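What follows is a group of structures, each given as structure tokens.
First chain A sits with chain B, and in the next complex the same chain sits with chain C.
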Partner chain A sequence: MKGSLTQSMSWLHTWCGLLLGWMLFAIFLTGTLAVFDKEINWWMQPELSDQALSPAAAANVAQRWLAERHPDETNWNISLPTARAPDLAVSVGERRRGGGGVTHLDPLSGATVEPRETIGGNFFFHFHYTLHLPRTLGVWVVGFAAMAMLVALISGIIIHKKIFKEFFTFRPAKGQRSWLDAHNASAVLLLPFHLMITYTGLAIFFLLYMPAAVNALYDGDRQAYFRDAQSGRAAEQAPRGEGRGSKAVSAPAAPLLPLSEIVGRAEAHYGQGMIGSLAVSNPGRANAQVTARPVLGNRIELSKGEGMVFDGVSGKLIQAPEPSRTSQLTQRVMAGLHFAQFGGYPMRWLYFICGLISCAMIGTGLVLYAVKQRKQAKANAQFLRVVESLNVAVVAGLLLACITLLWANRLLPAELAARQNWELRLFFGVWALSWLHAWLRKPLSAWREQLLAAALLALALPALDLWSAQDTLDVMRLSLLASVASMGLLLGWTVWKIPTVIAARNARSARLDRPAAGASS
Partner chain B sequence: MNGSALFASLLLTYAGMLGFCLGKERHWKQLVNPHVPTGLRRLCAPFGGLLLGLAIYASCQVWPGGMAVVGWFGLISLAGFALLLLLPYAPRLALSLPLLGGLVWAAAALT
Partner chain C sequence: MTRSAIQSRSAWPAIAARTALALLGGYAFTYAFTAALARLLPLDPVDAVTAASLLSFVVYLLFMLWAFASASLRRVLVAVGIAIPLAIVGFWPQLMEVLG
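Up next is the complex of A and B:
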């Protein structure tokens, strides 16, 4: 009975892991990059510069600009400079931050700045949970992949016979043995991370994946559920909704308090530099209200949408943030664990490196399948070719496409119309070509050439920036370049290591290892 | 952010994982001088556990409350993974790293 359980779990692990592994690698890699989404955004818009102005002073600059150009609008939105996104941006109307119509301001002079249009680091973030499909479909597909990941993790634990005995075992340059060691060790040592990130990823979209309870209790009225789940939010929304529309015009004129005042009061609650954005309704009227929203990250809980509402004329606090109720808190803590907005840069780097090792775990699993199949005489050669070319295209090709995106951001003319679309075309174009290349070349050559191309592009990126855009380089942009170059070194080392590994193995035993040589990257 | 405490938690998690590693016969033979009495091997795992316990205290100096636990788990995993990579390529360094790191930490703390 034991044997049959292991066998069936092994079958499950293989097929779940292989068929969804390609998708999972793309999800994990883009998710890992999305840990630094704002930093990538910042690097991708070199026209913006960090003026190190305090959020309070920046709020006044934005207020002056808005009062001059848009005195009659009913809603102003201001996104303040923060540690991770040191730019000042404003928009009017109901648009949310990041949507169209955002104007960037120089925080010192208040002059408008026109940065290049770019898909930015946000692309990795959106790709991570939608795979660039239509949103709902994408979320479902990614959810399906995440379920497969959980199945693969659990079945992997069951079929791993020596979890504790081989806890620290890695024997490099031994063909299939090494691939299995690397796959096992990266899975076992980071098991808490793998389980946590997969499970919490599923928990984010609980309403989409498991709507039955809310539908039954609230008769399908999602808004009613949200109102119940968080009483504070509902109260906050009510006065704002009332203030909009025709009534707003009828309210008498009254001067808006300097917004620095509001920022100061909100900072007293949330902490210095913790206010990310302001939303002003009915500016210049007696019923003006200002909502100050914190940047995420002073606790694990994902506090999106939370804020303090102030009276815009008197500065009186109207609505303080309320702690979430237990059920809501549970879900938000899980979402927060996934979004990794807490704990500052050390925590961000922990998540980033853990994510990279997760990618390595998935990648080694994919290669392991090909290495095993190649040894079997009865393997289906056509299917193996599909697997090997997809392995190269998904692992090496996606790395290449990501670094291409960074290059495209720099090389495409800044004033190009529909620039984001060109960035997307280049990203997906290079990715598609990488698959074609992998299909036409022998697996080993395809691996080496694509990894080498990615390594060279990553290593050359700092040179490009130092040559063409050195006056835009600040600490954040330099750190990004340094990180990209380190990745380039890592990839280059891998490429450089391939021939040595193969030579050593061939010398040792030609009989066993010739079939496995193809994927030793 | 408390850099000294972060470095200390990283060192302690690494040393703790090294303790668990030395508790296994295969790695004991690989890393430790054969003259050292093998009875000491049994002490390695409990000692490693103790160091991991200290690491959570250090982690609490870096992050508040729950975040410290998340960071502690992450550091343990990464320290274990680093140890895994060092073992075949630089076994001596793998063994002496806690000592070297401890000296660096002490030097930085004193200055």
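Up next is the complex of A and C:
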């Protein structure tokens, strides 16, 4: 590792990028898909339909149903229909949304609906930051990968001296040179995005990754830190209202206000259609309270858990959200920049495309390593084989596994027991098989076959859905099908291009005895 | 560079030592640095904690890059050693309590 700065950084970039690149590609691809997690959720539960009912009216439907079935529960949770998740769901007790015990209601009739169990688009979201490992371990592993991404990005800038000139350089169909150009172009073009998305990802779990300051100033008491952070409201704060517990039962009976009123009042603050959920404590009692929580994304700041608390009987506002203090706001805006919940669909698509380009940068970097090694006579053949098969499995195989998950969602019987586990088994099974396939086949054939399979599955998904459709193809589901089919076209084009590129390369190496030197960065 | 790193087996101990120093030593340094920075920043404790913690990733990143760029391993080792005085600054009250 002796030598110039460029040399040491080049070494670091290669190894850091290669060894963590596989994990990073999986993190970035699932993160890119998670931009549309709710839309994928919606597509994966075709039993639910969009009744276009206003949240206020839906709240009343839920209230009627809950008052009938669960008048004695101390906590009701209602998830209201929103633009991205147009279903109405209720649960009682301490369970949060997405756990067991959620009941879906038809927003018009109030009848219960039983959608198929599915891991949904939430799977991509959870995989993105835990890699399907136990949560804490997964968050640490992904954080480690994020640090490696930063190391690779900065060392990449250092070794990339002609950054401006090469930005305008692309030499297609020229083998290694083209891979390098594609890697550089995708890296430089979106450098601010790559840096932003990686750093803000770390900022989300900042106190978990680096608890030093909390340990020093608060003796490790994170709750004390959060209390201090909200001290602005502590002075006038009413006793925190969510009265979860047994003493609630003692309050005298009193009728609960129609929840549509509460929704109306909360919408006056947050804006039309911005209320995502209601939590009612002690319904039917004099000490009833209703917390209205906004959907994420009425601003850049990630305001998770924030809400307005109302008195459930009089409808009086008990507690309004207060603006965060500056330091807190900084962290929350960083988290918000990562979650991309602001700015509506144009912003979502921008993040999605930027995410795909990040994936392309990581993927081309991985391939570039293999292409370079293949040309070196003294390369370690066994190691190269591991690298090439992992490249195929991680890039093409993961794409294939993701599209398989969509197919599994439609093909597995809707009433299958433990259906989510079968979806997971199929996803990871196909992914594992893709590695086996890549190990047994020649790299180039493996690439082509797996990409072709993914392309065909993506292109055929609309046909499958029309065949198994239950007359529920609304705009959101059709858009998803159209997007998946376009991805299929893109993959198909890639597969179709590979032989041309290979022919061009063979022709050139026949002309030249040795591959061109000087492609070292 | 890449090829020589694979082939010369004698390079492995040095690489392993440097990687360990960069990763673990770098984390220790960053941990102590963040604690000391939060202690010294003339801000409310809440703001100091948030600012220092959010900056810690830059510190760690720069330390790792420098650890791999640095010509001598010993220099990196010395830098990791600076974590001790930084930690004393950061955890001064806790240290006083323990000592007496």
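Here is the rule we go by: the second predicted complex is superposed on the first by the 492 of 521 C-alpha atoms of A that agree within 3 Å, B and C clash if a C-alpha of one lies under 4 Å from a C-alpha of the other, contacts with A are read in each partner's own complex, and residues count from 1 in each chain.
Convention: contacts are C-beta pairs under 8 Å (C-beta built on N, C-alpha and C of every residue); 3 or more make two chains touch, one makes a residue touch a chain.
Just so we're clear, the structure is a prediction, and the values are computed from it rather than from any experiment.
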First (chain B), second (chain C), both or neither touched by A:Tyr351: first
Contacts of A:Ser434 with chain B and chain C, given as first, second, both or neither: neither
First (chain B), second (chain C), both or neither touched by A:Phe193: first
Touched chain A residues, chain B compared with chain C: C
Partner chain(s) touched by A:Gln376 [first = chain B, second = chain C, both, neither]: second
A:Ile300 touches, of chain B and chain C: first, second, both or neither? first
First, second, both or neither for A:Ala185, with chain B first and chain C second: first
First, second, both or neither for A:Phe342, with chain B first and chain C second: first
Which superposed partner A:Thr74 touches (first chain B, second chain C, both, neither): neither
Residues of chain A at both interfaces, chain B in one complex, chain C in the other: none
Interfacial residue positions of chain A with respect to chain B in the complex: 165, 167-172, 185-186, 189-190, 192-193, 196, 299-300, 333, 337, 342-347, 350-351, 353-354, 357
Of chain C, residues touching chain A in the complex: 1-3, 5-7, 11, 14-15, 18, 30-39, 43-54, 56-57, 60-61, 64-65, 68-69, 71, 90-91, 94
Footprint of chain C on chain A - complex, ascending: 1-3, 5, 7-12, 14-15, 147, 150-151, 154-155, 158, 199, 202-203, 206-207, 209-210, 212-219, 225, 228-229, 231, 325-328, 330-331, 334, 372, 376, 378-380, 383
List of chain B residues in touch with chain A within their complex: 1, 6, 17, 20-21, 24, 26-27, 62-63, 66-67, 70-71, 73-75, 77-78, 80-81, 83-85, 87-89
